[in-house]
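What follows is a set of structures for review.
Consider the two complexes below, in which chain A is the common component and chain B and chain C are the respective partners.
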Partner chain A sequence: MNKDKIMLAHGAGGKLSIELVREVFLPRFDNRILDALEDSAVFEADGGRLDFTTDAFVVKPLFFPGGDIGTLSVCGTVNDLCMMGAKPLYLSASFIIEEGLPIETLDRVVNSMKLAARDAGISIVAGDTKVVEKGAADNLFITTAGVGKIQDDVNLSSSSVAAGDAVIINGFIGDHEMAVLLARGEFDLQGEVKSDCAPLSGLVAAILSVSRKIKCMRDPTRGGLATVLNEIAGASRVGIIIEEDKIPVREEVRTACDLLGFDPLYLANEGKVVVFVDGDDAEKVLEVMKTHPLGKNSVIIGEVVQEPESRVLLKTSIKGHRVVGLLSGEQFPRIC
Partner chain B sequence: MNRKSKVDNKEILDKLVKAIQSHTSQNYSFMEVCGTHTVAIFRSGIRSILPGNLRVISGPGCPVCVTPMAEIDEAIYLAKKDNVILATFGDLMRVPGNEGSLLQARAEGARVKIILSPMDAVLLAERERFSRVILFAVGFETTIPPIAIAIKEANRRGLKNFFVLSSMRLIPPAMEALLSDKKTSIDGFILPGHVSVIIGTKPYRFIAERFHAPGVVTGFEPIDILQGLLMLLRQKSEGRSEIEIQYRRAVTPEGNVKAMEVLREVFKVRDSRWRGLGIIQDSGLKLKDKYAPFDARKHFDIPIMPENEPPGCICGEILQGIRVPTQCALFGKRCTPENPVGPCMVSSEGSCAAYYKYGN
Partner chain C sequence: MNKDKIMLAHGAGGKLSIELVREVFLPRFDNRILDALEDSAVFEADGGRLDFTTDAFVVKPLFFPGGDIGTLSVCGTVNDLCMMGAKPLYLSASFIIEEGLPIETLDRVVNSMKLAARDAGISIVAGDTKVVEKGAADNLFITTAGVGKIQDDVNLSSSSVAAGDAVIINGFIGDHEMAVLLARGEFDLQGEVKSDCAPLSGLVAAILSVSRKIKCMRDPTRGGLATVLNEIAGASRVGIIIEEDKIPVREEVRTACDLLGFDPLYLANEGKVVVFVDGDDAEKVLEVMKTHPLGKNSVIIGEVVQEPESRVLLKTSIKGHRVVGLLSGEQFPRIC
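The block that comes next holds the complex of A and B.
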């Protein structure tokens, strides 16, 4: 296959995205902090540890059930900071605006950012706007960057997960991507699915307050739960076994997936966290998660084992098992 | 029955698995001929709970996989033409032709639109009056009636900018070709659920009558598939060769008579090339004369595309159930879902993609 052009799949969070990072960016930027490939960059400053990250947001349509590009741009960056156990502090926001965008649209988006920032307990302290000619952007692109502070006794990493750890998720998977797909109206499907887009700072603070044995947290955004589990299995050189019957998927999402030939394990989420915690603390952490509004449907979906190394297995409803691999390219709706 | 109540029925499941084990006294190879079965079998982990001497192999049941490269090339050729929008089902996007895929054509500026239903292409043509919309019509009996209805609807609406690139195929002739080929040894068929909703069971009778192999039309839930396998095993142990229906909640012996009428009104059979299986008599469809103005091959001057197969690719033998994906030297090395060489790796319903994604 001709590989000299960027394809949409390079941005889908699966294998091609990883290749792009490894072949284009890592060799050139070449530094220890980036090489860790965590959700955000952790570094020492003035005796403490800071956490820094950035994310660009391009979503069509700008508004969808459960959120909009504004909510997303705040939550995405806040959540990446939270995943390293940081308390998010400040965000910057840059706007690339296509000429002709109604000011009222921008107003609504910025208002959503205000509300999300309030929920997350952060301030947006710097920003930039650029306007480009019609056709040079699609309505509105937003890039946010954020900084947070990590408490001294919190030390999370994708490589510290070990056999015996439990895997917990805070509720239904796939809602965000399915909500956006349906809102796009390209597929003539109707549905009541709402995006789960939400800042996870409160839930994560609650988790960290009850256990010192949290190994790692990840938000399963692009590429979904399957991608996160594969990344962790690879980084920690462990096996992960999850149980199909325990993974929460809404009936609407499952039905739409069946129709389109999609697998909910690969759908993006924007308000979910996968927690890897020492088995001894699993129940305690699950309890506190369930008391938080964003964790009511939390459940232990699986466990970490020694073998097979770097692989994710799914125990199916019929007591069979299969491998859960990395997403290959975009998910495309199938013929029948 | 909804998914949940079925899945909760652990007792039935246990009984089925035990019954399958007790009926598998010798080696059997059963073939399914439907991409949805391929995926369901892999996704539910059925292979991991079957006895070792019971093999379930995938046949030519994935419409994307059996589409010859030359037809992909025709679609790419048309997509690159001025003022054309090619409307296609999503899983055709990545299939490599001789020069790239539709996905690459789109990256280079061709207008390729993914649709879910053939009617979407008609509506697109109506919206885009100044473009020529070409439906890349790939599919089996399940997809063909909606394509026929879309063509009739385009005719009724008087659309002059809607065309169909026919790449439709019929399942029973392909099964007949497989059974006639001495290289394959198939002990019975898990027959496709969706296709059979349309065609019923009569077109499969030759399997039992001429080739003395049993067939069971089967649904797509894990319990359906296990039950279908058990029904095949029972026929084997009782020495019967019949066409039975497990998927009774959707399939009748007569099929969908109205859908078949529409199909016959719009299309006539023609010989058609299948990837890996060669030319099979009366296994394809073309538009009848009345609908010829919608035939893309008549309206556009499409050059004859070469019939190449990528060197080293054994998709042909995989589609016939002679070999399995892991026996291919390219599998997982040069041929991966990101960089597919053969069609069975491209479609999510292809055997190679399923082996690759869900492990063996």
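The block that comes next holds the complex of A and C.
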């Protein structure tokens, strides 16, 4: 590995991604808001708090079961806003298009964005289009940025998780990444896996309406559940113990993972939220999540403990505990 | 030309760009804010008005005299905010990086962003990094989005320009696009042209501090001065007459344009602003512009008239008037 060049692993959400952010971006863009390293930036405006975030989407193929790059580009940014407890308001969308892309393809993608934005309750208010020569981009890249409004009594942060908190997820993990991987047709596997891609605004609003003891929410996208749990354990200096048997993984996803040698804990999701809530409110939050269409399969998958600090442990049915670390290279072909 | 596929001209800022926006994006992302078709989106937040905008940067080469993709990605979005009279506050930056890019290159670009952000008075508070396979992108693309705050007594709009308004520009046109074209080395031309890339926050603040009769400001980027004037003439249903002799064009830029068969009126600028101001305040605004480092060469280049509606006329020294239209294809190799 050449450490002087950007490698795919720098974009995979694991150790190298974190290094790149710490060594190249943070020292230069030095400011309090960015240093918080949340999924989005919170700032004050005229007395209220707004949330601001961005994401670039480079998924390949553009279309996959359950969604496409358009759905993804809206849901990804909407969900980052939701994770700070913000109500999504406005979205910008920048398109980098490879010369020769059929306009009909662009049209389908834009229509998916329209539908996803409607579901999310967000308006697409600003945009830009650039066209590059054939070969200078891979069909279509979309970057969205979003602005949302945080309610006055909501204060979520990756550093406020504490021992005694429960860890809840709203359903099956790994569906998105496996759907995209199978859609590529590179593996000799047939699969019926659909991406879980969905805007979480409604589910998150429901969660926040029943409890004032939500500590933190994160969407386990790139790097999967394992990466998110490690980030939170590190930021809050706590241990997190999750139970293997409780983590929902579809049979098709598990089988494909076994065949391909992947671990579902590291697979990206696009419609999942990991909720950290005070143990006292865990059952109440679980209940309301289960009543929402995107939370039917919600389950408490673990708990927060004091030690080991900054570590994530997986309680397996047979072998006791094992440490779940960050990815150090790429586990998979990149999908985002 | 195949009308079913995206062509480079769809990104060139001329007729095809406008068609793409009107036919694909607007009908889908239907909302009042986007329909205004300004350079950025204005929305209300907690009683104040915020401005929100985005731009994708795909310049090639990454480095050119006077700037690089980093400078550009900050200035471009900052200037879009300034054009609505907003004070730039927060910026997000998304990087799409081709595998194999030297980290030192990224580092230089990020440092340029830092310096440009400092000059502009904006904080870079959110970001994202994606890495794509070698060949799937052209080195590095950056998309920025920005949020700014509009002062209560400022109301700029492309549709509020009226007969009697003066048209002022803050200096030489065409420097940016010519600098990038020459930096490519594709033409057998040596040139010392430097991009004018600069954040306009200070100049714009000075302009707004001396006059309440500013009608509209626009930065003549992609598509150049001719395109901006056409957009304003159309949006305000007025005629605009500009005088060829008054438009500042550097000798080197004019010579290169003559040799290459380009028209400087269509060349992109990255540190220019076209100000439409009530004729009564024109001299006052011109004065203050000239005292600013980015406005030393400011000049009144024309005036707004009632007819011909939605047209731009160039008063030449010899031939009288000619119509300056929109580009219908690409005049140049794409630079953005």
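Heads up, the rule we're going with is that the second predicted complex is superposed on the first by the 329 of 336 C-alpha atoms of A that agree within 3 Å, B and C clash if a C-alpha of one lies under 4 Å from a C-alpha of the other, contacts with A are read in each partner's own complex, and residues count from 1 in each chain.
Just so we're on the same page, contacts are C-beta pairs under 8 Å (C-beta built on N, C-alpha and C of every residue); 3 or more make two chains touch, one makes a residue touch a chain.
On a predicted model such as this, the values are computed, not experimentally measured, just so you know.
After overlaying the two complexes on the shared chain, residue contacts for A:Pro293 are found with neither chain B nor chain C.
In the superposition on chain A, A:Ala45 contacts chain C only, with no contact to chain B.
Contacts of A:Gly325 after superposition: chain B is touched, whereas chain C is not reached. Shared-chain residue A:Arg28: touches chain C; no touch with chain B.
For chain A, the partner touching the most residues, choosing from chain B and chain C, is C. Of the two partner chains placed by the overlay, only chain C lies in contact with A:Ala136; chain B stays clear of it. When the shared chain is aligned, chain C comes close enough to touch A:Glu99, but chain B does not. Of the two partner chains placed by superposition, only chain C is touched by A:Thr53; chain B is not. Within the superposed three-chain model, A:Lys5 lies in touch with chain B and with chain C [touch as defined at top].
Within chain A, the residues touching chain B in one complex and chain C in the other are 5-9, 334, 336. Listed in rising order, the residues of chain B touching chain A in the complex are 3, 7, 13, 35-36, 39, 42-49, 63-64, 89-94, 96, 100-101, 103-104, 107-108, 114, 116-117, 120, 138-140, 142-143, 194, 222-223, 226, 336-340, 347-349, 353, 356-359. Chain C meets chain A in the complex at residues 3-12, 17, 20-21, 24-25, 28-29, 31, 33-34, 40-41, 43, 45-48, 50, 52-58, 60, 89-90, 92-104, 106-107, 110-111, 113-114, 117, 123-133, 135-138, 141, 143, 145, 147, 149, 334, 336. On the chain A side of its complex with chain B, the touching residues are 1-2, 5-9, 14-16, 186-189, 245, 254, 259-261, 263, 314-323, 325, 328-329, 331-336.
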